[in-house]
Amino acid sequence: MTMDAAAHLAVRGVSKRFGATTVLADIDLAMPKGELLTLLGPSGCGKTTLLRLVAGLAEPDTGTIILGGRDITRTPPYRRNVGVVFQSYALFPHLDVAGNVAFGLKLRKRPKAEIDATVGRVLALVHLDHLASRPIRALSGGQQQRVALARALAVEPSVILFDEALSALDRKLREAMQGELRQLLTEIGATAIFVTHDQEEALTMSDRIAVMHRGRIDQLADPRTLYEKPATAFALSFVGQSVRLAGRVTESVGGVSRIETPAGPVLAPKTFSPGYDVIVATRPEHVRLGPGDNTLTGTVTGVVFQGARSTVEIAAGGLKLSAELSGRETPPQPGAAITFGWPLAETLIYPAEGVA
Amino acid sequence: MIAAARLLPDRARRTALLLSAPGLLVLVGLFILPLSLLLGVSVQGEGGFSLAAYQKLFGTPHYRHVIWNSLWLAAVVTLLCFLIGYPASFAIARARGGWRSLMLACLFLPLSASVIVKAFAWTILLRSSGIINQTLLFIGIIDTPVRMIFTETALVIGAVNIFLPFMVLPVFSVVAQLDGRLGEAAATLGANPLETFLKVTLPVTMPGIIAGVALVFALAVSAYVVPTLLIGERFPTLATTIAKSYLLTREEAFGAACGVALLAIAIAVVVISARLTREERA
Amino acid sequence: MRILGLALAWGLAVFACVFLLAPLVVIAAASFSPTAVFDLPTTGASLRWYQRIGTLEGFWPALALSLQVALLSTVVSLVIGTAAAIAIVRGKLPGAEAFAAALVSPLMLPGLVLGIALLQYFRGLGFSNPWGSLALAHLVITLPYVARTMLAGLTRFDFTLIEASLTLGCTYPQSITRVMMPALAPSFLVAGLFSFLASFDNYPVSIFLTDVRTKTLPIKMLQYIEEAPDPTLAALSALILLGTIVLLILADRAVGLSRMAGTAE
């Protein structure tokens, strides 16, 4: 792993069990300095545990964690220089805004003048400089979120960890915060890990996304690759919408397999042995009315007009599928029998076992 | 490494045990063991095991009356505290801002004030030359001072005064969280005010009532300072009998038996109230 | 009907307030009595009873003893009770619920019975130091107050604060002293206040554990009242009351009475 050698943060072969439950199984992860990475997955996939291991709030059973060239696997959290923004923000209720931000600096015994300057600078960064002497309970949720961020940034941590940090905000505020946070972190060149179950947040915030499932990383890729070439059926279902058909491989010739599905035969660009149970899929935006490399017939059950595009709900062979039309195309009427298709190159195929 | 992983829950449990050890030590060493020993003392006669103390307590008309006195006092005081405190809690919970603070202060100050100080104040208030008599004389309701101190009336007034906050606070803490819309919802369903009270308000505030009644009864049944100062020898209770047995007559087995009886009453109150609360929740 | 109910509630609330405050007002007024028979100071106030407090027989040693016992038992209970409450709230403790109930139970059980039980117990152990007996007994008196308040406080405490402080550079002991204790300060204050007052005012337990030379202030006061009540006692009572008021005002500033009403009972 050449990348690992240059990595700012490296997690190697890390496992963690709680009693009989394996929470993390042999995790490898390497991040260059300045990268924004998201651990994405449903609750219980191990993403928060991995974050806690990096923060030092828990110890792995096996493996090592290296930060800035230093093995920190058994280092207590207070000697790691890691910033954490917690889901509940965990702001100290007995201190005011400035007191919270200065907390880590005081522990590092910085001179008073330097602390004041840093607190002012960081609070300005999150646009809260006018609230420095407010008590915590007088702040809104969004403001508290910013204080938590400022407190983590103030100590100039080697890596900042966000544990579902935006999930407590309402949708509008969350979306505004996502853009702002990404810009801010990029500006100061911070290395950050986000933990979230919100795929939109992951796509917006990250340079790379690690999709986690049952204690493993299913796929670690940039957002575009993740969306276009999901490595597993789980990654496919967890990120973005998809049209999915379960079926069985009947033959496989020249790198193309033929699959029998309840909706009819479909081709996919990958070799599988005949008799194999698979999932065949594509993204709704690749589905067109009329025949394609893969062609199916079905009945329109509904049309939802969404401005720039329309979603057509189709029943085919007892399955419900959806296709996307651009807003300029005239959608068919509900109840109409239609033919629809998509290109072979945009057909995804996965083994059926282990699909959630 | 894997062994360490298996040890982790144990480590958390060890820490918890370590943290709770001093409290457990106090509880067992200074509470449970002494009370168990008391049970032993109460059945100790001159020649070993004996139920003589209990025979004396439950078999003599005088001491049966003593038990009755304790229960009567606790019941009357609890009832009066409830009749005053329950409606008053609603007013305090409805009050806003300064009024609420003022009324809470009126609860907390007497609650925190020394029992002896309050009982002493009542001896001043209730004496023949005291303020109540002077006021009644002045208004002309009475011609000669009424004897109030060292009567059952004085005892009940003093005890209600001391235990009232213990009724109001638990009820208040439930009523304060009461959703005013609950009553409105009931009203729109066709309930008249009395029905609303009986079918909505009363059941919802029941946990507070149970807590307040249990607390006041348990405290009043074992009250010692108030009966001593406000009625004295005329009204012996289990509590005053215990004190007398230990401090004057040195009948320790009998005093211990009275103690066990009093303890049994208090434990019964705790157990019954806990069970009622659980049933309320279910 | 609704109006009637409200009027009744308000009437009783006002009555309760007046009724509850009456003895306190009377004692304060009587302490300024110009004569020796608890007259209200209608003709002229006198401070002479205050000057005579110090001359009460055995007053100063009793006050000192009560303060020592109350302070010591409160501080020790705060440590023990908080530790136990943490163990209970953080789970991992077998039988946590029963333990919590047991810690609070002495509140509801008769103090007099605890007093004679401890008398027999200490005698059985051959432990006859009255100061030590009092201090240990008052631990049982104060612990329930601390346990109850700290259980309520810790249930609301966000333990993520500890983790946050660790990642910001606190060592484990620092996270306790710099975060947990200050954040729980209001609970500590209320717990300390009520357990101090409970100990300082206790009569039923102390009476069995004192000897002729070692008497707490409540025991002395009851003795004064029974022997020769005069306005000096009213003056002393008024001073104790004043101390209580000061403590309550401090607690109100820090916590607010409304919240205390929710957590205290």
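Read from first to last, the chains carry the letters A, B and C; within each, the first residue is number 1.
Basically, contacts are C-beta pairs under 8 Å (C-beta built on N, C-alpha and C of every residue); 3 or more make two chains touch, one makes a residue touch a chain.
These figures come from a predicted structure and were not determined experimentally.
Nearest to the common centre of all protein CA atoms is the CA centroid of chain C.
By number of C-beta pairs in contact, chains B-C lead all other pairings.
Averaged C-alpha coordinates put the centre of subunit A at 58 Å from the centre of subunit B. One simple way to say how far apart two chains are is to compare their mean CA positions; for subunit A and subunit C this gives 54 Å.
Computed centre separation for the pair subunit B/subunit C is 16 angstrom, with centres defined by C-alpha atoms.
Counting partners per residue, subunit B has 9 as the residues that reach two or more other chains.
The touching residues of subunit C, counted against subunit A in their complex, run 158, 160-161, 163-171, 174, 179, 182-183, 185. Of all the residues in subunit B, the ones that touch subunit C in their complex are 9, 12-13, 15-17, 19-20, 22-24, 26-27, 30-31, 33-35, 37-38, 41, 84-85, 87-88, 90-92, 94-95, 100-110, 112-118, 120-125, 127, 129-131, 161, 164-166, 168-170, 172-173, 176, 192-194, 197, 211, 214-215, 218-219, 221-222, 224-225, 228-229, 239, 242-243, 246-247, 252, 255-256, 259-260, 262-263, 266-267, 269-270, 274. By the touch rule above, subunit C contacts subunit B in their complex via residues 1-2, 5-6, 8-10, 12-17, 19-24, 26-27, 30, 37-38, 40, 79-81, 83-84, 86-88, 90-94, 99, 101-103, 105-106, 108-114, 116-121, 124, 136-137, 139-140, 143, 147, 193-194, 197, 200-201, 203-204, 207-208, 218, 221-222, 225-226, 229, 233-234, 237, 240-241, 244-245, 247-248, 252, 257-258, 260-262, 264-265. Residues of subunit A touching subunit C in their complex: 55-57, 76-78, 80, 82-84, 86, 88, 90-95, 103-104, 107-108, 151, 155.
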